[in-house]
């Protein structure tokens, strides 16, 4: 029996084979979507660059060389240099680390928080739901960027505070999604069946409800990544995010602002980095939705 | 809505009760959300900073000044009392005084807000006029190259930083091609010539009948508004497409086709008509987001709006101004959100 | 004289993970001004057959057919515009569940009027009169009131009568009824079917009644095609169900419990190697 | 002998209306009892009130003589289980047959799961080959077998069946009905069977109650059903509407 037969066997012989087969089917479906694969490649590249930046970057991201100020893109400086003679290409490679850090931290803080709040609200309904959703709605009906700005203004500028500010404004969306998802099957018969077998509320939520909300939350988080990156870059642009000399992309654009008419590359290049990574997350999220959304996958 | 004769008295009474309940709920939720907004801004202003007094007087103030300010700010009272006072102040329009301009924050807001409204409104017009048809076409031809193009364009709207686009736009269309005017709302020699009636420069110019100023104002407005419009277009087109796809897969659409209804009427009358209320919600949300998103664009274009005011205040730690602007945008946000929600309930026959 | 509708070798397939899956495999029949029943279980391809006649299937479904002629015209050769002249006006279809097949945000009256207006240019007054007449014909006794209602405000049985009124108002030649009663309560089912039967007789139309219920189809049709897995396995005169030869048809007949059931075990279909279904 | 399910003066409210009004039913141990009615008659609601899926009810519900309200959820689970109408909605879409069937054993800390799951699959006529399949890889009939197996994992004596065959094709319905008859004999089960299809009642049940607009209009033995000899006008109407073409012919003779 070949590996392929084993994975696509419609009567798996073990739990392991069943989950492996499931994973294989998802991967296959994913592979048929070229944009999604492109997205995955971009995000893979982001991770790769973040890890290996010191080996990939030809110059130091912070080392100044006043003799090589504002040089246009050339074979020596691929993307040109900035006003302190720093190699923009190297700075962008190191900047990937900051972007990845922000994205991962925000996701780790806000997604589980939103998921649990939403699942609990949706499952119990009644006053629990009303209280939690009133809270969520308050946050949701506030302008996210402005709130993040106000938070950073109060907490003080810096990378860590920027992450906290973004995470504080990001979770309500996940709570909403998890709740909506939970509501669609809260009265479903398979949940009733588990309850009838004597399962506790905690068990129903943890074992049966949360896993079902997981994929839509993952999809939403992935799609939101672009927005998070833009918000972080915006904070950086305003000088409220990562502080100099850290090569944060938004801050780099901000510095290039004064030279935009004559030395266009200084502000433009980091912008392309932001666009590519954001698009990567969008493509990946769209692809994940096509593959993971059970309504589309099992809809036959 | 007409009530048919067959309805019994208790049914009408129940309907009236439902309506009263609905209105009560609407008011309660709106008030609660607004209170939530104030709680958060209060939290940001009084609790998060390590010492709000220092934020006001600076760290070189004498002990007497410090204490006096502390009492003036009411910081010696319990937090709950401070919050109530804060709510009272905000409701009476007292947002404090701006450190940057030295004027009451409420006056500043009234001065800067119209510019933001003008830009965001122009942006949403572009977004709706292009975004809705694009979404409908994409859904009607799902899977075609046109659909793919619109989709990628939509995703770009999620991925391009507004401030970057503003910079590149200025470099290309202002400095490079000279098609549009540069930063600012109007050229300096036109400034202050039309009497401010609405605060919206284009409208005021029309009222004054000054076409040169109108032209100049538009040439300043068109680039930032188009950039904002692109972002709302991306969102509106994407949502329209997904609503339309949902409708087009419904059985009643097949019924229309069975009747021999033309494809054009199937799409616009049967599929599009039912989603118009949902779309109003989306457009409302998008407008609110534009008001917010204009912050970044305003900075790049030196647009004298609320965003510029806010960020200037931010960099100078002028918390009264920051929170005032936040409350203003937050309130507009809440009102638009709640109104579109209300609209949905009123206009969808299924929710009656 | 050629039959009203000719269908020869209809095939419908959908793309699957392991190549295209054929769900209708070579269905052929002729229809005159008569009542034809198509019976089969879910997945037998009966509904797709009905929809293929109106050319309603859209990608990814792939339809191929050797011959599809209606009243001397080749439906295959028609442009989408010409096809619209046929849909509704000449061949019409009543669908399963009025909760989904009626437009939720259009009043019942507007939906019926639309069916008329897309095919005929007539003054508004007359449209209204004809809609009221039609509602009256489908035994809705207060058409004034019902016209103004939205679909969610009418019961299932009433919704299905609205559907029938809508589909019959342009006086088509053929009516396709796709499971017209399976979403309704038992007590209403007979009323709706009796209504269809009566209207067909009055207008002298052809009927294709699609259902999973062999008994029901036999009662309302002259002729019955039994479909299984995309193929017609047997054709029967409605009065001759007991003469059915094919094991599938026999199993369909016998596996249904009767109201005076005394059997201890119901006969089941032999599904070959598979254990259980 | 105490009845397996005793319901006295049950009222259930949805919003502003009582959808079940003053219904009293007593189902004996080992009996197969049918609740018959059209949609909106309240037949499913009675089952839902009995298992606790509906909370706004008044009256008395007893399982094996114990009031429903004084039974712990876990205890109740071992006495009484339910099989639902829709085999597509009653199985968790992301869990294999094995996970679904093991779940009640895990909840009640019962060991020897592998053996029990395989035994139960055989008992409901499911090939153990299908043990690690997901619901979307099963046919409607197979799913309903899984749902029945799940209900029997804790070995309850009372099984509530809410239209378990109405979403199935007739040929599959026959197989599930045969299975239900066999399981009842083998395990001495008590059935409360909700349906709108009188012929199915005739095959599977001993006694039936006819519901109309939330009220129990007639109770009768299955002989009375087969003879078409109901007393109440509504029950007779329902009977007449349920006759298939074949039945009509036979009854006309």
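Remarks
To keep things simple, chains are lettered A, B, C and D as they appear, and every chain counts its residues starting from 1.
Following the convention adopted for this analysis, contacts are C-beta pairs under 8 Å (C-beta built on N, C-alpha and C of every residue); 3 or more make two chains touch, one makes a residue touch a chain.
Computed from a predicted structure; not experimentally measured.
Following the contact convention of this document, no chain is adjacent to both chain B and chain C. Core chain by CA centroid proximity to the global CA centroid: A. Two chain pairs are in question, A-D and A-B; the one with more C-beta pairs in contact is A-B.
If you average the CA atoms of chain B and of chain D, the two centres end up 54 Å from each other.
If each chain is reduced to the centroid of its CA atoms, chain A and chain D end up 47 Å from each other. Taking each chain's centre as the mean of its C-alpha atoms, chain A lies 25 Å from chain B.
If you draw each protein chain as a dot and join the dots that touch, you get one closed loop, with every dot joined to exactly two others. Contact annotation for chain pairs lists A-B, A-D, B-C, C-D, with touch applied as defined.
Chain A makes touch with chain D in their complex at residues 10-15, 17-18, 22, 188-190, 192-199, 203, 207-208, 211-212, 294, 298, 300. Interface residues of chain A, counted against chain B in their complex, comprise 134-135, 137-139, 141-147, 149-155, 223, 226-227, 230, 233-234, 237-240, 250, 253, 256-257, 260-261, 264, 267-268, 271, 274-275, 278-279, 282-283, 286.
By the touch rule above, chain C contacts chain D in their complex via residues 41-42, 185-187, 189-190, 212-213, 215-216, 218-219, 241, 251-253, 255-269, 274-277. Note for the complex: chain D touches chain C at residues 38-39, 124-127, 139-142, 145, 169-175, 177-178, 181, 196, 198-200, 202-203, 225-228, 237-239, 241-248, 250. Every residue of chain B that touches chain A in the complex is listed here, in rising order: 29, 32-33, 36-37, 39-41, 44-45, 48-49, 155-156, 158-164, 167-168, 170-171, 175, 288-289, 291-293, 295-296, 299-300, 310-311, 314-315, 317, 319, 322-323, 325-326, 329-330, 333-334, 337-338.
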